Amino acid sequence: MAMFSQNPTMNGPNYSFSDTPRTKAPEGAREHRFDPYTDNGGSTLAIAGADFTIMAGDTRLTSGYNINSRYHPKVFKIGGTTSDQHDATIALSVVGFAADGEALKERLDAICKMYRYRHGKPMSVKACAQRLSTILYQKRFFPYYAYAILGGLDEEGKGAVYSYDPVGSYEREQCRAGGAAASLIMPFLDNQVNFKNQYIPGSGEGHALQERERKPLSRQEVETLVKDAFDGAVERHIEVGDGLQMMIITKDGIQEVTMPLKKD
Amino acid sequence: MDHRPQAWGRPRDDVYGAYDHSYLQQSGPKTATQSPVVTGTSVVAIKFKEGVVIAADNLASYGSLARFTDVKRLRTFLGTSVVGFGGDVSDMQWLDRHLKELAIDEAYDQEPTAESAEAAAKEGLNAANLYKYLQKLMYKRRNDFDPLWNQILIAGLDEDDKPFLASVDLRGTSFTSPSLATGFGAMLAQPIMRLHAATEEDAAKLTREQAVEVVKECMKVLYYRDARSLDRYSIAVVTKEGIDLKEDEQLEKQSWAFAERIKGYGTQTV
Amino acid sequence: MTSIGTGYDLGNSIFSPDGRNFQVEYAVKAVENGGTSVGIRCKEGVVLAVEKVVASKLLKPGANKRIATVDRHLGVVYSGMVPDGRHFVDRARDEARAWRDTFKSPIPTADLASRMGGYMQAYTLYQSVRPFGITAIVGGFDSELESPVDGEVGQGPSVGAGGKAQDKDYGGPFLYMIEPSGLYWGYYGAATGKGRQAAKAELEKLDLNGDGAASLTLEQAVKEAARIIYVAHDDSKDKDFELEMSWISGTNGPTKGKHQEVPKALREEAERLAKKSLQDSDDEDDDKKEDDKMEE
């Protein structure tokens, strides 16, 4: 105990004036000039069906007004036993800062692989979802600048979509759009997937108006929705375009489809 | 967007507003800070049927001063890949030494009897492996807030002997494309290259001669319009047969006639 | 070994009254039991060869290399205790790397030999360690060209201040042999291990420093190295062996300044010639014997 010290930060007698440390910066601290983040644009989307989940993303990679690449996938199969991921059961989409997205994907994939080797079975989406949240939160003070969406089938075989913010807050949802055009796509999804603002005509006035009954969409309907959502986003957002990558997760595995989007 | 290397890694003024320096210490000991000092400008590269062509000029600038005019910014790796560096030259030298050490370590256990560069590539690290390594290295350095202030192009062949071309920057952002260009080249050269190789399929139709011609055209346009560029450049062609690297090429068939017609800022005609 | 039991052989760093370090001499004995190693330095480069004793039929032919690359232009072969040799190589690689770190250029062969000689000598000084049970042959080709500093970006002055003097030769082939005592000399031809006596006798017959047409070419040196390993091998006493060879030429030679294994085709040709020459000399001996008989 430094009983004579008046200095709260120093555990000992006070320094004479000339001996006072001149820096308040802790050891090893660097002056901050380098911005470690950038936004690489792009958009993602996931919709859960009754017995399937569709994950989608465009394949454009931008920096500023430049298109770096016209084919840079944002949706990945996670936790297969080999590097080609042929037996993966979960898909992850990342959008935001591409380098962080890549690092996040590789970490989650490594963790899911380890789980699979140790337990002899793939990780459930629920467990994987919680684990992803933990990974993100562990970097709370130097976050992965990536908006992640995790998709798979839950224990009952129903489609499951989990969406995240960069620091690990997450929830299970029916559908979610992420990235540059999220604010353009999400309202469209609210209306088309969750039938928001859709009422039965003539069912009443004001609060008596009855909402249209919600029913799960077929795979064909969802694929069309995804395509329409991206065609719309491409039209209105410069960072979205080039290619559309879709992963369709069913009990038979993950099917990957790519199709062209406008390249302008 | 500001493509000068000095502006790399800074928050964009048009998005975030001017950077607020006020919280930084004004007095006290000087803290070492990273920012590029001697810099190289664009690197351009394009894939073709059997390989990749990559080029960069031989200039290292100190701000607006053309400081070194014989700087080789294309470096070979294991005789199978070429790495092109834009950005800080001292960080490039560090990376070059680091890669040389890696190559020597790789060669300890390599069968030296390999008949060709093709066979050697099968045994050792190919361009795709090198790309992954450099991506992890650059991303690690950005995580440590001690970035290597470069944008790098990696040209070579992948594990299936297909042409491989990729880019990594100071933040670890990495991507591949049929044609790539760093710095000013991203704005001036990339559109020209995309005319000839918009997709992988298009690139696979290009011959070696065509690809070299496109890259030379790009170098010329860059010399016309990039003030930090030079008419002496290095060019390398990577194929299964190995690397054909020329380090002291002169830009040919320049025509500055257009310059006389430039008046004012574009709209002015008299 | 009259001194065994006198107590002066029990530890390193103990001299006997007549000025010997018995631990070092025992280490030399370990070397003398190892497979023969040979190094030949000729005008065009260096060849290293070793008689790799096949300890078991279960070992994969051609695997488990005995000659090691230390840096691009440097190779090492050794006779004696293989694990000691492996450690020697590890250390040599560290030295070569450290040299590059500080001087940004490849380590000259002479400097590597000096560093490694010093390293081995240190293992004769302390009670807590034993000397290396190997004699190592270090071969290298220091670049004869103006070689750039690692990571260098420009050329700098070609001659005069900061440049190199004209009319002066740089680099070339070098060969050193380092013994367990730490003693090392530069050689034209070096041999160690079980068959060293026979090998040295053969090496002495070669013209390794002549300027004329008689001086050995690199390819001839490869063939001589193979022949010498075969000569040094005693079929009746010794176990089976594999011949392993490497070479280093200058920039204009076949290896372009790098240390590499001798290509399979050339090695097999050299082995064929070696076997043939042994056969021929056997026949000669037989002829002689027969002649002797006839005279009787």
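By letter and in written order, the chains are A, B and C; residue numbering begins at 1 in each of them.
Here, a residue touches a chain if its C-beta (ideal position, glycine included) is under 8 Å from a C-beta of that chain, and two chains touch if they have at least 3 such contacts.
None of the values given here were measured: they were computed from a predicted structure.
Put simply, the chain nearest the middle, going by average C-alpha positions, is B.
Of all chain pairs, the one linked by the largest number of contacting C-beta pairs is A-B. Chain B and chain C have CA centres that are 43 Å apart.
Chain centres here are Cα averages; for chain A and chain C they lie 60 Å apart. Centre-to-centre spacing of chain A and chain B amounts to 31 Å, using the average Cα coordinate of each chain. The set of chain C residues touching two or more other chains is empty. Per the touch definition, chain B reaches chain A in the complex via residues 1, 9-12, 24-25, 28-29, 31-35, 135, 139, 142-143, 145-147, 167, 171-177, 186-187, 190, 199.
Of all residues in chain A, only 22-23, 25, 29-38, 40, 61, 63-66, 68-72, 97-99, 102-103, 142 touch chain B in the complex they form. Listed in rising order, the residues of chain B touching chain C in the complex are 60, 68, 70-73, 89, 92-94, 96-97, 100-101, 104, 107-108, 111-113. By the touch criterion given at the top, residues 68-69, 71-72, 93, 96-97, 100, 104, 150-155, 246, 258-261, 263-264 of chain C touch chain B in their complex.
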